[in-house]
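Here you go, one structure.
Think of it as A, B and C in the order they're written, each chain with its own count starting at 1.
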Amino acid sequence: MLKRYIERFSWVDFLLKLFQVLALAAIVIGIFNTLSVARYSSDQWVTLIFAGLAQGSIYALIALGYTLVYGILLMINFAHGDVYMAGAFTSVFLADSFALSGFLASHPVLAILILLLVAVTVSMVLNVIVERVAYRPLRGAPRLVPLITAIGASFTIEYTFRGLYGAEFHAYPTVPALSGIINIAGYEIPRVQIVVLVAAVVLMLGLYFFVERTKIGKAMRAVSEDKEVARLMGINVDKVIMITFAVGGALAGAAGVFNGLFRPQGVFFFMGFIPGIKAFTAAVLGGIGNVPGAMVGGLFLGVFEAVGPNLILEGLGIPAVNQLRDAFAFTLLVIILIFRPQGIFGERLAEKKA
Amino acid sequence: MSKRLFAVLSVLMVAGMILTACGPKAATFECTDAIGCVDIAPDEPIHIAYMLTISGATAFLGEDSSGAIEIAIDDRGGKLLGHDILLTGEDSGCSAEGGQTAATKVAADPTIVGVIGTNCSSAATAALDTISAAGLVMLSPSNTAPALTIEGQTWKPGYYRICHTDLFQGAVAAEFAYNELGARTAATIHDGSPYADQLQQVFAKRFIELGGKVTFQGAVNVGDTDMRTILTTVASDSPDVLYFPIFEPEGDFIVAQSSEIAGLENTTLMGADGLLADSFPENAGPNVVGMYLSGPYVTGAAYDEFLAKWDAKFGGVPPSGFHAFAYDGTNILLDAIEKVAVVDEDGTVHIGRQALRDSISALGSYTGLTGKLDCTDKDFGELGTSHGDCATGGALGVFQITEAELNGAWPPAAVYTPGE
Amino acid sequence: MIKTLQENFRIILRYGLLGSVIALYLTTIGIVETFAQRNLVGTSVSLGHVFLVFGAVGAGFLVTRAMKEHSASIAAAASFITGMITSILLIILTLVIQVFVIQAAGQERVFELRSMFVNLSPSLVEFLTFGQGLVLGNLLFALFSGLMGLIGSSFVLLPENWRRAWINSLIWVLGLGLFSENVAQIVRELFSSSLNKVLFTNKALNPVAAIVIFVITFAIGYFGINKKTRAKWEQMPESRRKRGRTVLIVLSVVFLLVLPWTVGLFLSQALFIIGLYVMMGLGLNIVVGYAGLLDLGYVAFFAFGAYTMGILTSTGPLGRSDLTFWTALPFAVLVGVIWGLLLGFPVLRMRGDYLAIVTLGFGEIIRILALSNWLAPLEGGAQGVLHIPHPKIFGFAMDSPQSMYYLVVLGAVLAAFVTIRLRDSRLGRQWMAMREDEDVAEAMGINLVQTKLLAFAIGAAFSAMSGAIFAARLGNIFPHSFNILISINALSLIIVGGMGSIPGVVVGALILVGLPEMLREFAEYRLLMYGILLIVMMLVKPEGFLPEATRKRELRSGKEQFSDQVARSES
């Protein structure tokens, strides 16, 4: 027994395990130190967690677009973050005029639905165009080639919108109906965060049923299993891929408006880049290609970002911890992938295919 | 067949050479300048350049400066000494490598006499070697890093700056916070840009010197949208003042999210010239009312005239606060060219490059839009000797944003002007 | 004729609308008007015009090609109509601007069109209608677009000799106008400023010079000199060709050596930057091209090299030693190798796109750490490392781009040499086996851990070396210089050039790094061009410009086809 164990021992695994243990120890020490200093009240932690959840639900919506496309084409749609930007950027102008005309105050639900419709349409159409122009002609090309066209598409979209709408920063107006706070178990949470979180979760559940229960969803799953066989079964593979991109784009567009509702500032042509990378990280965290994984990954990443730096890094005595937030999020990704190379929900199969 | 072509080619070559030879006769002027002269034939323009950040997130700074340069040239009818003024623009970006590349491009053109630029100090630091070696003068409208004009640090001959450094602005902000607002505790946030980092360091240092206490010095990253985390940390000490000399959109997020954080109710928000842009109040939302911004303070009839010209030419107001420095810098450059130029009878102009530098360095008292400028060498005590630091610190102020600015008025009124 | 046109109306309409959408796109993103003042030839042909007619010319070309089987006159008529159709959306645009921008000016409105589409200005209407008012101007514009359609058709319809000559001279004249600044520098450096004045005024080609160049290039194209020399070359006996090749190699070495002294300061700087990317590309080529490990965080090692050089040699307060550039360089490379091993280690078990995101994360982690207050006492944080001295050789400071160019060429040659030796070694074959299939490679007895780590370490070494040279040239480094764009650029250039191929890396760097440097005046449209360039090049040449010979062979062989099919059915 022991002999067999020694035979199978590899120094790589040993060092990786050691790294895990050290990382975990650092996290535990950090949390313990922070909490023992008690610089922050539980109110503050809860506020941060809810803000993180709202942010995470936006990551999750974008991550779903990555994961759907990855599941079917095994490619990283690098331009997806910019598809999210396109929707958010376009409807900010409409939102502005709604606010000016008083429509937003008098008919908030209708106004937001129109904003959603516009953003969803723009992002959806754009994603489909990107697929048609930059990816479809390259089916069967080496795997890195679509990655490069995706990077190209990302630049093209960013600077096209910069040309169209200018380089200035814009902000969504505040929606009077959504401002204010809701009291949950004694904690005061901004109403808009709850609304965004609930709306995003509803959309995600809708997507889950779409993929699992509808005929098109079935076709999508079939195509992601095996394109050739799906084709033989009479499925129009190109059409299914197009629908996948359309659905992914639509979710990104919705995420753009939700983001504008609860974090109105900073709408400009480059706003999609960082959320795009974060969402991709979330998708990988959850196990890329896996729909529930993307949801959980997004929420997890959002919360982690919100509390992580203060909770863990501050306890380790590091100055200016917020600056390190992104670095810390990526470090977490590395640690988790060392534990589970296929992500939290990923199947072993995914690893084989990738 | 190819023989015939060869014949055609050689005829054309010869024709080209004759054309070249037929140019204006060389003048009898002899250049005695230590680092050479620029000779401008009667039909040629006087060539100056700018190196600003034209693309990327800081493009508004470049627009602000380049517009002012164009207005300064327009004010002279586009002419100097009877020659047209030709302005070439280069994008130096807000990075060291961008500055260096732009500098090589400017330095490669021997007709260029002087440069207005750069916006960002990191670009200037990398550009100076090349610019100085090429014998050019460079006047910056918005480099605020102190080291750029200090001998033995990054200073190189030929460099001048019109704007005030971080040392001035950080100190003014700290003095305002301590003396005028009566603040005793402060927190600072920077965004990882050398400018913001330096400014908050100077602020913190001065604030402590005055007797105040700095509770927290934090940082966010460009691209961050969630400021609640860092604001929560700030709030745990409830400082009197939060100083964040950063840019849009990160500044917008800090202002907007500050009202959601318990513990910041009595904290006064203070930004710097990075946020002194007309789009800021509208984007950041109602929380901006009452907050303070430090930045260039320019006033007077001449300045109003300048703003009117801007509105006529570009529409609206300048997008940032450094245009007046760019305008003054351009005028100093053009005046100096006018002063040192040797004009032949046929209208040929000779400009000695060292003479041009000497002329600007000797400029002891120049009154521009930004008040009194003094480009002579100065002794900065422990910091060392400074060269070409033209600002006297007079053109600095602290502004307060009110309901009016939120509804579109711009610029805000100054509430504190140490120079006056 | 009318009948044939009617029958083909769908084709005409389709291409016409496509051209129209392109013209509308280019106009609304502002590129047409921005460059309306940038003259290419005289004061009549501006870059804005070129962008404006791009859609019409392209549509005319495509329609003519699609109607090849019909007679030339029919095809020409079709292209004219197509050209006219391309003007439709722009004509509508002028009307929209007239109604919603010009007439709406001064009124209080809830929604202002121009606050959304910033480029829809009154002056744009002026430009599009040639200042002739809406009715006449738009008629003129439609006619003009039709003529441009005809020009498009001329690329197909003219007889072989004429077509070659026509395209040749167009490319030359417009190209010289476009690259005027760069050409002017070379002319100034090689000949004189007075010749420069004969050629250019204010960046635009002088009309007379343009005509002369047009005639010359037309003649060259017409008589097909290029083709003939090539044919002659191919007819030569093998021995003479071999000698010719030797001469060619010697000539190109001489060319590389004198290059910086003929192109002036700025282009030397561009060459220097291209050289840096060649070096990085060669390193990344080992990781991605040979070992098949997708690394999106290559900039991390570049940063390690630059910061090591900075901290070791800086004369400022952050300098930790008195080393010179030459003695610090090995340390910079060593640090790169060590971090290549350290960062390679956690990703040993990850594959494919998991690897991509984690390496991307490493790149960001390193940049953020470099920026952080936490490490600022060590390496300057946001203030960067200043006062990095230039390399000195025999007391001569290499402070010009020209001298640094030689350094970087030397480095690139070294990298190429190492790459070639490694590729043909046992290790190289192990990498390629691993690239094809990790599991099979392991089963064949290849030590994956060792092979992977070596790929990371050697790739990192070259990146660190170029980072060190970058720092020494720049004199001061800031964390912002080490952003993800560098990784993306390095990856793109090896794939555009042709993965695994060494000449491909050079070509890729020339296209993706050199071209944007030459087109600096495009400012905010530079990255747009870059993006479009990436897409177009991958669509046209998915295998890259100069793919590796063995890989090309593999792609053609039956075995690869089979595995390709397997891969496709898997994906």
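The criterion applied here is as follows: contacts are C-beta pairs under 8 Å (C-beta built on N, C-alpha and C of every residue); 3 or more make two chains touch, one makes a residue touch a chain.
Owing to the predicted nature of the structure, the values given are computational and were not obtained by experimental measurement.
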Closest chain to the centre of mass proxy, which here is the mean CA position: C
Distance-maximising chain from subunit B - centres being C-alpha averages: A
Centroid distance [mean C-alpha coordinates] between subunit C and subunit A, Å: 31
Length of the line joining the C-alpha centres of subunit A and subunit B, rounded to whole Å: 39
For subunit B, residues that touch 2 or more chains besides their own: 59, 192, 217, 219, 221
Residues of subunit C engaged with two or more neighbouring chains: 368, 371-373, 524, 527
For subunit A, residues contacting two or more additional chains: 167, 319-320, 323, 326
Sites on subunit B touched by subunit A in the complex: 57, 59-60, 192, 217-221, 223-226, 228-230, 232-233, 235-236, 248-250, 252-253, 256, 260-262, 279, 282-285
Subunit C residues touching subunit A - in the complex, by the definition given at the top: 25, 28-31, 110-111, 115-119, 288, 294, 345-354, 356-358, 360-362, 364-365, 368-369, 371-374, 449, 488, 491-492, 495-496, 499, 524-525, 527-528, 530-535, 538-539, 542-543, 564, 568-571
Residues of subunit A touching subunit B in the complex: 39-40, 43-44, 47-48, 51-52, 55, 167-171, 174, 190, 263-266, 268, 270, 273-274, 305-307, 309-310, 314, 319-323, 325-326
Contact set on subunit B toward subunit C in their complex: 1-2, 5, 8-9, 12, 16, 19-20, 23, 54-56, 59, 86, 90-91, 94-97, 100-102, 104-105, 107-111, 122, 125-126, 129-130, 133-134, 147, 153-154, 190, 192-194, 196-198, 217, 219, 221
Complex contacts: residues of subunit A adjacent to subunit C: 10, 12, 15-16, 19, 70, 73-74, 76, 93-94, 96-97, 100-101, 133-134, 137-149, 151-160, 162-167, 226-229, 277, 280-281, 284, 288, 318-320, 323-324, 326-327, 330-331, 333-334, 337-338, 341-343, 351, 353-354
